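Heads up, the next two complexes both have chain A, just with different partners, chain B and then chain C.
And then the complex of A and B:
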C-alpha cells in the first residue's frame, strides 16, 4: 500500500484526498438538498466533458451543446413519460439521438469557420427550441411534459438523495474514462496542432475534418447523456433544457474550470452549481455576486482553474528505445527509382498563371533544388504536390498512385511530407509531442503509443534535437524550429520530403546543420525537394537544380549547368545577356 | 434508589428536548420567481405572501426560483432538507411559473407538503396531486370570463388572439380557443409571440388583415404594453381585452392613460379598483410595505397565505393538518371566497376591468362569480 502511495505524484495524492473527502461529505454529512446539488454537478460534469471535445480540443466555439443536452432530455422525457420506456432503453437512445443530430448537421456546419460556425450552431439551438415550444402534441409545448419517472433498473430505483447521487456520479466516472480513452496524450497533441497550426495537420496525414467531426459527435453524445439524466433528476422535461441558459452555463463551467481535462470539468461543474446556492443569502444581489466572482476567475485564471495543475504529457521514449522507423521507410524505395512524376502541371489564380505546364520528376535519394524569383510559382508547386492547392490541369504521380486530386491527408499518407515557409508549430507542445503527432498517421501496427513515441524519438535524434525533446516549441529559436519541422515531417516515415525555404532566416552554421541532415536523409533513400533562394545553401547540397520563372520550368539539370544557363541567369539573377 | 435521580434527570432532559422541539416555530418557505422574465409578477407574489406572514409568528424565508424548473427544485429541497427540521414546514408558497410547478408536484407529493400558489397554468391541478392549491383563478375560470366578456358584452364576432409562447401563454390560449368556440365565435387568427419579440407591428398587421373585430391578449406584462401601444399607434382601434397582466399597475405605468382608453383586462381581482374598507386597508399596508401598487397576484397570494394562517390558528400543526384544512374548508378572502374543487383550484370568480382613458386605475365593469359552480 505504502509502495503504491509513494509511486503517486503529489497531484494524484491530492486528488485522491480531495475525492475521498468529497465522497465522505456527500455520503455521510450532506443533506438531501446538498446531495441534489452534487447530483446536478455530476450531470454537468458529463456535459462539460463533452463540450471540451469541441470547444477545448477542436477549438471551435459551438453553441449547440445546450441543444444536444435538450435533445437527450426530450428523447428520455417523451419516451419515459408518455410511453413508459425504461432507462436502459431511453438512456442509450438519448445519446444516439444527440449523436445522430450532430452527424446530420455536421455536414454543413463543420465546414464553417469561427464565428460562422458559432452562429450556425446557435441557429440549430434556436430551431430546436422553437420546435419544442410549438410542437405541443409531442413535446407538451412551453409547459413541457411532467411525469418523468425516476431512474429505474429492474427493481432498483434512484429517486433522489444518495442513490441518485451515486448513480449519476457513476455515469460521470464512466464518462471520464471514455473521455480519457478518446483523449490520449497523442490525440490531445494532434488537437493542439490543429488549433495552433492548422495548415500542418493535413500535411502530415491527419484529416482535420474527421478530427472535428469526432469532437462534435462526442460532444453531442456526452450532452445527450447529461440531458437524459437531467430530466430524471427534475422529473419534468421543458423547453428550458433547450434554452440558451443551459448553453451559457456549460460554456461558463468550461471556461472557469478549464477547457481541457477531467479536472477542469469537475472543478467547473462543482463550482458553478454551488456558487449561486452559496450566495442565496444575498437575496436579489446574489446574481451580482456570482457574476463578479466569475469575472474575477476568468481574469485571474484565463485558462481555467485546472490550469494551476500540471497537464499530462506524452512520455518521451528513453534514449535507448529509438526505433528504426525512418530508415525502414526511407530505404523502402530503392535509390534512383523515380518517386515523383509531375507532368504538364498548370495552375492559374485569377489573371496570374502561377504554374504553366510544369514537368518535373524526382528520384529516391536525390536532392532537387528548386529556385526562381519571387512569384515564380515555387510555393504553389509545393502546395499542389502536397495537396494544399489543386492543379487546374496536369498530373502528379508517386509510386504508381495518381495524386493529382488527392487530399493533403491522402498525399501525406502516401509518403509525401513537407515543411512550411513559416514553421507551423504549436507553441504549447514540447518538441517530442509536436513530432509524435505526425508519427500517429502511419496506418499500421506502428500506431501503438510506444511505437509512435519511439518513432518520434528517432526523428528527433536524426535532426539532432534529443537534448531539447522536452522543450516547448514556443521557446525555441528560429533555427531549431526549422529542424523540429523537419523532424516532424520525418516522423511520418515519408519517402519524399518537400522543404519550403528551410534555410530562410538561418545563420550559415545553422544552414550547414540542416544541409547535413538532408544529405544523411538522401543517402538513406529519401527524395528531397528543396525550395530556396539561397544558392550558397543549395550549391553544396542539391544533386540537381530546377528553376521556375513566371510559372514555367525554364531549366532542370545538374546544378552547375543550370546556374550557368543564360535563361536562368537572366530570370533569376537579373543578368541580362545581350 | 441511587438510580432514581438519574432517571428523573433523564426524563426531565427528554421533556425539555420535546418541549424545545415543540417550541420551534412553524415554517412556510416562500419560493417565488423574483428574477428573470417573470420578476414583475413574481415580486407581487412574494410581496403578497410576505405581507401576510409578517408578524404572524410563522417563520419564512424568501428564495428566488428564477425561471427554470431546476432552480425551483433546488429551492424546494433547500427549504425542506437543509439545516432545520423538515417537520416544521407546514406548507410552501410555490412559484407561479407553470413549468416550475410541474417539476415541484412530484416532490411535494413525496414530502407530503401542500403548495400554495397563484400560477394560472391549468395543468398543475390536473395531475392528481393532493398538494397543489391555487389561489388565483386558473385559466379555466379567467379565460371563460375573458371570452364571454368579448363575445357577450362587446359583441365580438371575429375575435383575434395573441398569446405568449410560454407555458402561461399556451395554457391560456387553449382555454380561450375552447371558450370562443363554445360561444360560437372561434378566433379568426391566433398568433404566438416569443417573450423576446419587441416589434409587434407584423403580428398586429396580420390581426388587422384578418378583419378581426376584437383583440384578445394573453401575454406577459411587457409584451402586453407593447401590443397596446403599437396597436393604438397603427390605428387599430378595435376593442382590446387583455389578460391579467394588463390589470397590474406596473403594466399600466408603461402606457399613457390615453393609450389605455378602451382597453380591458380579465383578472382575479383588482385591489386598486376596489373601494371596500378591508381592501383599502390592504392596499395601504401594501404600499407602505413595498412602495408600489398591489395587484391581483399579490392579493391572491396574500389570501392564500392568510388561509394557511387560519389553518394554523384553527389548530393545524403539521403539513397533513394544513392540507386537510385547505381541502375541506371554505375561506372568505379579500378578493373572493375560496374553496377547493377537489383538485386544488381554490378561486372560482373573475372580474373584467376597463380603463377609461383618463387614468391608469381601471374600473371593474363585470364580475363573474363562481364560474365553476364549486361554491
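And then the complex of A and C:
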C-alpha cells in the first residue's frame, strides 16, 4: 500500500485525497438538498468538459452549448414524458440529437471566424428557444412538459438522492475518460498550434477544419448528455433548458475553473453550483455577482483556477526513445530520382502576373536555390507548391500524384513539408511538443505515441536542438525558431522540404548552421527547395540555382552558370555585364 | 391605407434599430472590439427612461422626449464603465477575451435590472403623446413619427460631428488605421472612451424610443445585439451608412412578416436568414476590411 502511494506524484496523491473527501461528504454528510446540488454539479461537469473542446482547445467562442444542452433536454423530455421511452434509448438519442444538430450547423457555422462564429451560434440558440416557446403542441410551450420519469434501467431506478447522485457522477467519470482519450497530450498540442499559429497546421498534414468539427461535435454530444440528465433530475423540461442562463453558467464555469482539463471542469462546476448557497445574502443580485466574477476572472486570471496546478505535458525524452520508427523517412528515396515536377504553372493576382508559365523540377538529394528580386513570385511559388494558394493553370506532380489542386493537408501528407518566412510556432509549447505535433499525422502505421515522440526526438537531434528540447518556443531567439521550424518539417518524414527565406535576419554563424543541417538532409536523400535572396548563403549550399523575375523563370542550372548569366545579372543585381 | 401605416411603423422601428447598429459600429471602428453588451445597453436605456419617469410625481404624464438627455447621460456613463472595466484592461489580448468580458458586463446589467425592476415588461412614456394624426389622408401614429424625428436628429448630429469637427476627423482616422492615428498623436484611449460613451448612448436612446410601444424587459439584450449585428453584417462591416440601411431592412422584414403571420415567426426567419447569409458569405455581405499586417 505504502509502495503504491509513494509511487504516485504529489499531485495524484492530492487528487485522491480530495476526491475521497468529497465522496465521503457527498455520501454520508450531505443533506438531500446538498446532494441535489452535487448532482447538478455532476451534470455541469459533463457540459463543461464538452465546452472545453470548442471554447478551450479550438479557441472559438461558441454560444450554442446551451442550445445543445437544451436539445438533449427536449429529446429526453418529450420522449420520456409523452411516449414513456426508457432511459437506455432516450439518453443515446439525446446525445445523437445534439451531435446531429452540431453536424448540420457546422456547414455554415464552422468556417466562420471569431465574432461571426459567436453570433451565428447565438442566432442558433435564439432560434431554438423561439421554437421551444412557440411550438406548443410538441414542446408544451413556455410551461414545458411535466412528468419526466426518473432514470429507469430494468428494475433499477435512480430516484432523487444518493442513487441519482452516484449515477450522474458515474456518467461524469465516463465523460472524463472520453475527454482524456480524445485529448491526449499530442492532440492538445495540435490544438494549441491551431490557436497560436493557424497557418502551420495544414502545412504538416492536419486538417484544421476537421479538428474544429471534431471539437464542435464533441462539445454538442457532451452538452446533449448533460441536458438529458438535467431533465431527469428536474422531472420537467422547459424553455429554461434552452435559455441563455444555462449558456452563461457554462461559460462562467469554464472561465472560472479553466478552459482546459478535467480539474478545471470539476472546480468550475462545483464552485458555481455552490456559490448561490454561500452567497444567499445577495438574493436576486447573485447573478450580478456571477457577472462580476466572470469579468474579474478574464481580466485577472484568464487561465482559470485549475491553471494553478500543473498540466500534463509531453515528456521530451520518453522511456526507450531509441530513434526507431523513422524507417519511412526520406532515406528510402534514391538520390537523383525526380520528386517534384512543376510544369507551365501560372498565377495571376488581379493585374499582376505573379507566375508566368514556370517549369521547375527537383530531384531527391538536390538542394535547389530559388532567387529573384522582391515580387518575382518566389513565395507565391512556395505557396502553390504547398497548396496555400492555387494555380490558375499548369500542374504540379510528385511521385506519380497530381497535386495541382490538392489541399495543403493532402500535400503535406504526400511528403512535402515547408517552413514559413515568419516562423509559425506556438509560444506556449515546448520545442519537443511543437515538433511532435507534425510527427503525428504522416499517415503511416506506426502512429503510437512513443514512435511519434521518437520521431520528434530524432528530428530535433538532426537540427542540433536536443539541449533545448524542453524550452518553450516563445522564449527562443529568432535563429533557433527557424531551426525548430525545420525540425518540425522533418518530423513528418517528408521527401521534399520547401524553405521560405530560412536565412533571413540571421547572423552568418547561424546561417552556416542551417546550411550544414540542410546539406546533411540532402545527403540522406531529401529534396530541398530554398527560397532566399542571400547569394552568400546559397553559394556553398545549392547544387542548382533557379531565378525568377516578374513571374518568369529566367534561368535554371548549375549555380555558377546561373550567377554568370546576363539576364540574371540584369534582373537580380540590376547591372549588365560590360 | 394599411400599407402606408405599416411602412411608417417599419421606418420607425428601423430608425430605432439604426441607432443601435450605429452605436455598435462606432465602438467597432474605434477599437475593432465587438461589444456583446450592446444589446443590454439598449435595455438599460429603456429602464433608464422607466426610472426617470418614476421620479416625476404620479399623475403628471410627461412626454418621453424630455427624458432623452437624462437617458443619454446615464447610458454614456454605462459606456464609459464598459470601456474602463471590460475593454481597456484587456485590449491587447485575443478578441475572444473581449467577447467574454462584454458578455459578463451584459450579465451584470441584465441581472441588475432584473433585481431592481423585476422580470415583467415595463413601458416608458410616449415621446410626444399617444394617438394618431391625419397627414395627407394617412393616419399616422404620433409615436412612430416622434421616433423617426428623434432618431433623425441624433443621427444628423452625429454626422455633423464626424464630418465637420476635429474630433470627428480623429474618430475617422482611428477607424481607418488606429496605429497610424496613434503615431500622429491622437490619444487612442480618449477616442476609445468617447466611442464607448457615444455608442452606448445611441443604444440607450434606442431603448427609450422602443420602450413605449414594444415594452422593455431585462432579458431583451440577446435579441437586440443579434439584430444590430445582422444589420452591420448586411450593411458592410464598419460602415455607418450600411448599418443604418441594414437596420431598415431588418425592420421592414420584421414588420412585413409579422403583418402576415406572427412576431415569433418573423424573428425566427430573421435568424435563419442570417445563418444562410453567413453560409454564402462567411465574411459578411460586403466582406470585412482586413486589418492584418503580415
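The criterion applied here is as follows: the second predicted complex is superposed on the first by the 546 of 578 C-alpha atoms of A that agree within 3 Å, B and C clash if a C-alpha of one lies under 4 Å from a C-alpha of the other, contacts with A are read in each partner's own complex, and residues count from 1 in each chain.
The definition used in the following text is that a residue touches a chain if its C-beta (ideal position, glycine included) is under 8 Å from a C-beta of that chain, and two chains touch if they have at least 3 such contacts.
Being a predicted model, the structure only gives us computed values, none of them experimental.
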item: Chain B versus chain C as contact partner of A:133, first or second or both or neither; value: both
item: Which superposed partner A:217 touches (first chain B, second chain C, both, neither); value: neither
item: Contact breadth on chain A, by residue count: chain C or chain B; value: C
item: First (chain B), second (chain C), both or neither touched by A:280; value: first
item: Contacts of A:436 with chain B and chain C, given as first, second, both or neither; value: neither
item: First (chain B), second (chain C), both or neither touched by A:120; value: second
item: Touching partner for A:244 - first (chain B), second (chain C), both, neither; value: second
item: First, second, both or neither for A:236, with chain B first and chain C second; value: first
item: Which superposed partner A:141 touches (first chain B, second chain C, both, neither); value: first
item: Contacts of A:563 with chain B and chain C, given as first, second, both or neither; value: neither
item: Residues of chain A at both interfaces, chain B in one complex, chain C in the other; value: 133-134, 283-284, 286-287
item: Touch list for chain C against partner chain A, complex; value: 34, 36, 85-86, 89-90, 93-97, 99-101, 103-108, 110-112, 114-115, 219, 222-223, 225-226, 229, 233, 262, 264-265, 267-268, 271-272, 274-276, 278-279, 282-284, 294
item: Parts of chain A lying in touch with chain B, wherever the complex brings them together; value: 31-34, 36-37, 40, 133-134, 136, 141-144, 146-147, 159-160, 230, 233-236, 238-240, 243, 245, 276-277, 280, 283-284, 286-287
item: List of chain B residues in touch with chain A within their complex; value: 34-35, 62-64, 67-71, 73-74, 77-78, 80-83, 98-99, 102-103, 105-107, 110, 121, 123, 127, 165-171, 192
item: Residue numbers on chain A that touch chain C, as the complex places them; value: 59-61, 105, 107-109, 111-116, 118-120, 122-124, 126-127, 130-131, 133-134, 244, 248, 251, 255, 283-288, 290-292, 294-295, 298-299, 302, 422
